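Note that the chains are named A, B and C in the order they appear, and that numbering of residues resets to 1 at the start of each chain.
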Amino acid sequence: MHTIFPLSLTGIGFAPEGVPVLDGIDLCIEGGSRTVILGANGAGKSVLMRLMHGLLKPTAGVIQWNASQSRPHAQCMVFQRPVMLRRSALANVAYGLKLAGVPLAQRSLQARAALERVGLSHLAERPARVLSGGEQQRVALARAWALEPRILFLDEPTASLDPAASRSIEQVIVDIHGAGTSIVMTTHNLGQARRLADEIIFLHAGRIAERTPAAEFFQHPRSPEARAFLAGELP
Amino acid sequence: MSTLRRSLLSTLACLIFGASPVWSADSFITVASTTSTEQSGLFGYLLPLFEKPSGIQVRVVALGTGQALDLARRGDADVVFVHDPAAEEKFMAEGNGVKRQEVMYNDFVLIGPKSDPAKVAGGQDISVALKKIEASKSAFVSRGDKSGTHAAELRLWKTAGLDLDASKGSWYRDTGSGMGPALNTAAAMSAYILADRGTWLNFKNRQNLAIAVEGDKRLFNQYGLILVNPAKHPHVKQAAGQQFFDWILSEAGQKAIADYKIGGEQLFFPNARR
Amino acid sequence: MRDLPDSLSTALGLVGGLDAKVLDIVALSLRVSLSAVLFSALFALPLGALLAVGNFPGRRTLTVVVNGLMGLPAVVVGLLVYLLLSRAGPLGPLGLLFTPSAMVIAQAVLVAPLLAALTRQTVDDAWREYREQLHSLGATTRQATATLLWDTRYSLFTVLLAGFGRAVAEVGAVMIVGGNIDGVTRVMTTTIALETSKGDLPLALALGLILVTLVLAINALAYVSGAWAQRRFG
């Protein structure tokens, strides 16, 4: 089976209009785990994810996937605010499949299956924009999951949601990972990071301060910046 | 969604093509005429008398005489019906028309405010009146639009021995508009204006205007009918145009012209030579 | 303004009595302007969306030009289309001059910049919201354009109404390419112009009142149906 991994970032820098946001990032994602990127505000977490996903182009360095990317939709991203088209939840999920070239007959079936997996079958025909924040985010996850991506990026997926909705989203993320998708996400919620992460990448001032397995990170962070962050001293 | 798209497209097609003329290409002719003739109401009365028996619809595009002739020069009309013999003869000389006939005449009248600042009311000599208007610098509105009426107005100033370019001042208002709008302007400005009797009789916004001078032979206004030359414009509807031509000049057509009245008054006097 | 009460009663009389000629004129006005807007939209809406979403050289210049053309006077458009359709012009053999089709073409040209510019703005606002997600899902420019056009359909409906308003209210273009021919190409605005020039101001005002009322009614209907659709389909 072809795999898109490893994803390697070499000497990555991002300095739009000369203002440095990220600098000297060297990173290799092997795939298979749930990676959570932590850092203070402005550390560059969202930018790093967008670079990895290809939404932004680095101003320095090279980003390389395994040359044999099997499918164009091997990677997906879910954003903090779910982007719902003005159509039903089902149609939103089917839209992703349509862009991936799935023929009409199978789209509806696969879309329904995805909604079922995230527990939203009963809302399939509802206009997506009238759903609650948590429900919309689950539709976004269903849309991504239906494409069976090898890696899923999530940018603060529960930042706009209440605790109950957040928990249900966390469960979906775990389920998606369980089905074989690698997870790379950012969050401000340390409890969430503790619950979900296999490993932590800690960013500080545009550089990777450390990369540590999760349990170890929370008990014994290696870098002084991470220690300060966990102690609540960084914003 | 696809049914919606389909019904939208068919509605669209219906609207666009439904907006096309229903009549077939051969059953109408385009006549370029003047706004004054149109606004006299003559066509509304005259044309049905031809259209019904012949089955040919007459579509009148009403412009100034100059514009009407230019339209025909470009081949956008089949027949021209205007009132400026000099311009018409030039048109014929250029080879744009294959036949020209005099059809009818009416007269121009000098309209002016009842207050009559130039003291010309009741007169019968247009040259005298124009000289008085110029001398007193009373407000005068001109068509200024290359129309038959405008051409006549300029001729009359010349006949009165006045050099407009020299004596033109703020009293002479060149509006560049049709007869109706020019009359509106004259009414609003309490100015003198040369108008054709037909438009005047049909004009409803007279305010304080009235006929000041009429009856001078020099105010005679001759109308001509021209068939556009199919040699120059092959698509011109010669047969149908000829039918219209013949009818206007026939006894029936000429009688119809004479029968057109406003308030019991005859507007146009048929004078086709047969 | 003593003409106003006269006009009001004349207007009511014309409408109440279902004066056949007036009804024909109104029907033609609606057919011409609606056709023009829909026809123009086929081209102008995708252009507007492309200006918002696309990334091609000269995009900014084209945007400025389209915006500027919104100010094109109707009479200039009429003149240009006349020169095109005149027998002496390139499209003369089509024989379209002085027909309702010519009027549809002229008005379609007239409202195209307006439709494109407003579409561009509408789609641009939506694009800001959707861009990252659509890129993430791998949408091509063509796919994104189509998706945005459909998603902003309610706002675009208002854009179409704006175009319709501009079309049905203009007189300069239809006068020149239509010729204001009685029974063939005479629409509300050219009739109003004609009656005004004949000095029949109460009648002209009455027709004006009918026109304004009609446009208001169409807008009210559009608003109601738009609100219903939005509630129903979200």
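Going forward, contacts are C-beta pairs under 8 Å (C-beta built on N, C-alpha and C of every residue); 3 or more make two chains touch, one makes a residue touch a chain.
All of these numbers come straight from a predicted model, not from anything done at the bench.
In terms of which chains touch, the assembly is arranged as an unbranched chain of neighbours.
Here the chain at the heart of the shown protein, by mean C-alpha position, is C.
Here the chain pair with the top count of touching C-beta pairs is B-C. For subunit B, the chain whose average C-alpha position is most distant is A. Each chain gets one centre point, the mean of its Cα atoms, and the points for subunit A and subunit B are 77 Å apart. We define each chain's centre as the mean of its Cα atoms; on that basis subunit B and subunit C are separated by 32 Å. Spacing of subunit A relative to subunit C, judged by their CA centroids, is 46 angstrom. Not a single residue position of subunit B touches two or more of the other chains.
Residues 50, 53, 55, 72-73, 76-77, 79, 83, 85-88, 95-96, 99-100, 126-130, 143 of subunit A touch subunit C in their complex. Interface of subunit B with subunit C (complex): residues 11-12, 15-16, 18-21, 25, 30, 35, 39, 43-44, 57, 59-62, 73-76, 177-181, 183-184, 187, 199, 202-206, 233, 235. Taken in their complex, subunit C has these residues touching subunit B: 31-32, 34-35, 38-39, 42, 86-89, 92-93, 95, 97-101, 103-104, 179-184, 194, 196-201. Remark: subunit C residues 129-130, 132-139, 143, 147, 150-151, 153-154, 233-234 touch subunit A in the complex.
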